[in-house]
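Structures are listed in the sections that come next.
Both complexes shown next keep chain A, but they swap its partner, so chain B is in the first and chain C is in the second.
And then the complex of A and B:
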């Protein structure tokens, strides 16, 4: 009797904790059966490729939300880092066409610059939020606006084209039908999953999101860790921008517009609680894949793209609703 | 007299004329009292008497404006809770000392995680932490169904047990309990009081802030009463009565006491 209720409970918990994966599998199976031409390697690879930029952005956003804060600036930060990469290493448009000797050195240099640009903006967000105790929502909303403004100002409304070939091959070369940049996104997920789950830093960030006062009393340097979280989220957004520049072989002033909401949707659908302290990065990746799958299905069916937005909005709503009813579902099985 | 003897007999914590003001407001005017080793002191007083401020000063959350604090034979001024904790003083606030979104083990080792290193990268040593937690909890005779359950699924009594066991495990010397039983049921409160006595028996000093007179008398060796930022009463609980204490708290003679005095 107790055995069955216990196993029932653990099954219920398992399903609730990994719901987004079940949804992803169900959706993929349904699409593969009912949508003509969906069931091909190319489509699946495309879904993974599409998940690259929103996915990377979502990692930083998820870390910040798990720590109990908010970062709305990731999209604009990515755009700025893409623009910086574009201006420096593109040969046409507003590109300055810098090159390095040897050629491959452009990869680490541009990557480092992107991380620095993102990290610096993250530091600014963290300083205002943590040191000056301003509301993270407002601080990062302001960054979202002014950083995008800076991107437009830098570009003068024009675009940078023809990125250095030694960077571009990262977006062209594939392993198992999946482009290298998508593998980089998967690596970012794996790396930060490891950091969140296995290292003291990740443990502390999770606990701060759960109860900042308790962690402070336990002698954990809450403020310093939170600022680091913002710096990391910024740097990850910078990385997303770098990947975007590579994928589009340049940068435009409106590059990445709307990605924030996709990233946000993925984070919420992936099971990260907006209350902080709860969430797993693999779930977030599943959330991103789910969104890309739906996107792809809508494209294949030839429906107007606006439907994606409708479905996305409803999914976010459903995810938040689920977060609130999860507790009562769990109790039913206790 | 040998020095060891001297150390044993002196109090663990001594406060001398400790004062704290927030701008023009004097929260504490002049606090002088001491706490012996293994002694349970109940801190009583009306709302706004300065109990919370005093507890925060002892545990490093606030700094005194003036006065001397001698802890364990040394004059100290704790700049942060972390410093106080390193010295062996900890506050167990109701629901403020645990992260309910992680498991028992993570809470037990909060801020003191055991790590192993892979190529210089610190990695949580979950196994070592699990067995240490299991041992400490078992030694204390506390029953918790699974150390891998998130604390949010545990009862108030279990949470308190985790906090106190954690404190003892980490070599604490003085524990401050702020309204520890406010949210607990009768049975859990009884166990909590038992636990306080068990902790004191191990030589750990306990300061308990409470509104409930009965609890203070049940568990405390001494009762210290604050009113308007000063100590207005410091008596062994065996030598006073709830009525006397209420009188000290309010600063007014009770009708009952007055009648007793007339009789």
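And then the complex of A and C:
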């Protein structure tokens, strides 16, 4: 093999591995040139901020999909977590207005509660899927429905508003024009990228998604790891709900509706294989940013929002097509 | 032994309950209320109000939630028709799609009363509405007033945040609002929908637009819960209450709270209690198929006009603009003080 063909192959591999980032850059450049008022720091910061909730949700979803399973409940789990935060720490509507002394304690307490709510629901999903060998699609579809029902029942259809200022500041204060909640999302991506790539847990989860039987025969406790994956996905969805409550200063019964499909789209666009065993979280984050950029562009152009869904659908289709094409391109260079 | 005692106590309790519920014993029959969703405060409170008022006039209310699904509401209508209730109160998910179900119910001899969401494409037995297009009119009047007060004339930039673009309710408000704003060419209206009426979508729209169009003078959200997210977005951009004028429609409690805090200038209320009370007031006439006469009726203190339209008797109850000056008045449903006095059937 010549040096030229080697370098061609490595370039091709690099481009194919980071295709979604190239797409994101191309889209941002195109929007900045052609859409009036798009090219400004405030809009780029908005895109990062708007990626927060779907992005965090997509992290948990991606982990489950990489492990070879499915979690349709993340949206409803986030809504429940947001509602619990809203009910406990909002002072108007159905909010009970609980406060802590010192006031800053409200941050760790509410965060812990959200993680516990999400984690508990994840454990339930994991128990039914792994221990009782029920289909994850059906189990989490059921959770998607009953947990949203629980949100409506808990709230009575009413909303909680006016979140404690000790929590709200996380949605208001910025570092480098980006709100703190968006930094939290970036940290979550960084942390779980590290976990998936650098820790035995992450590597085993990917192995399970690729071939659970071979992984089991290699002496890895597949069932236990899968249950942990569901718990982590639930807890991350709880975190997404906590962030959502902070962003909207409360919670309504329909909060987060539709985010599941955006999270799915981001995961697929980000290169995670629905068959399991393949996928990297940075690509998922690029997918979320790409979707947020398109949403923002449509907002600024004043296009009817129906187009967002059309574009989103076509983008997911294009991502899957690209994934297919990627394999044949790779083969050409090997 | 314990089990036998428990059984005995249960039987006694059931017997006592049966004897001790004269209202049920004297019930004039069941009336089904088809609520479109329970995901917003207007609809949630409408259930309490309609159930309370129908009980006042002797009916037994049963509520079915369609969860914003047209097909589900159609199925519920079909099932309910088989149960032969005295009447159906309908707040439609989709004004047009539900038309065949209304016709089917009426053909089966079950009167259909329309609540809140007007249907003009087929005959109904009674309609009680504030008028969604009219809410747009009231909102436009208030927008003109606010712009004049701040800018010395009806000019400036308005961001209109609609609800879900598939919901005729929001489209009607938009129609009314834009119709009344049309004579003012110096007003630019940017209209964007918050998909699925989801609050964070409204927040995103406001966050983007306030960066791209920092000269926005007024934001008009089509529901109060959208205003909460809009306020959060403005707050995150360093805005103070009143800096950008804001109004919303439906009169929900969250909207009234935002008025008190100075973030919201106007809330255009749908007179929920009066709309619900009117259903109960005319229930006897509708159920007994008696003539309903046109004219002016007093519904919970509101002068309301009943006209016989092509689609049947139509009672229009005026919506009101809620501002800082009148926000605490108990007549507004957003204060959640439902009238305690029982309503009476019209003679």
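Note that in this section the second predicted complex is superposed on the first by the 333 of 334 C-alpha atoms of A that agree within 3 Å, B and C clash if a C-alpha of one lies under 4 Å from a C-alpha of the other, contacts with A are read in each partner's own complex, and residues count from 1 in each chain.
Note that in this section a contact is a pair of C-beta atoms (placed from the backbone, for glycine too) under 8 Å apart; a residue touches a chain by one contact, two chains touch by 3 or more.
Note that the coordinates shown come from a computational prediction; the quantities given were computed from them, not determined experimentally.
Once the two complexes are laid over each other on the shared chain, residue contacts for A:313 go to neither chain B nor chain C. Looking at the shared chain after the overlay, A:40 reaches chain C, while chain B stays out of its contact range.
In the superposition on chain A, A:219 makes contact with chain B only, while chain C stays out of contact range.
In the superposition on chain A, contact of A:165 is made with neither chain B nor chain C.
Taking chain A as the reference, the larger set of touched residues comes from C, when chain B and chain C are compared. In the overlay built on the shared chain, the residue A:198 is in contact with chain B alone; chain C does not reach it. With both structures placed on the common chain, the touch criterion links A:50 to chain C but leaves chain B unconnected. In the overlay built on the shared chain, the residue A:257 is in contact with chain C alone; chain B does not reach it. Every residue of chain C that touches chain A in the complex is listed here, in rising order: 38-41, 43-44, 165, 190-193, 195-201, 203-205, 207-209, 211-213, 225, 228-229, 231-232, 235-236, 252-254, 257.
Looking at the complex, you find that chain A touches chain B at residues 198-200, 203-204, 206-207, 209-211, 213-220, 277-278. Chain contact summary for the complex, chain B toward chain A: residues 61, 80-82, 85-86, 90-91, 93, 96-102, 106, 110-113, 115, 121-124. By the touch criterion given at the top, residues 37-38, 40, 42-43, 46, 49-50, 53, 92-93, 152, 156-159, 161-162, 168, 171-172, 179, 244, 247-250, 252-258, 295-296, 299-300, 302, 304-306, 308-309 of chain A touch chain C in their complex.
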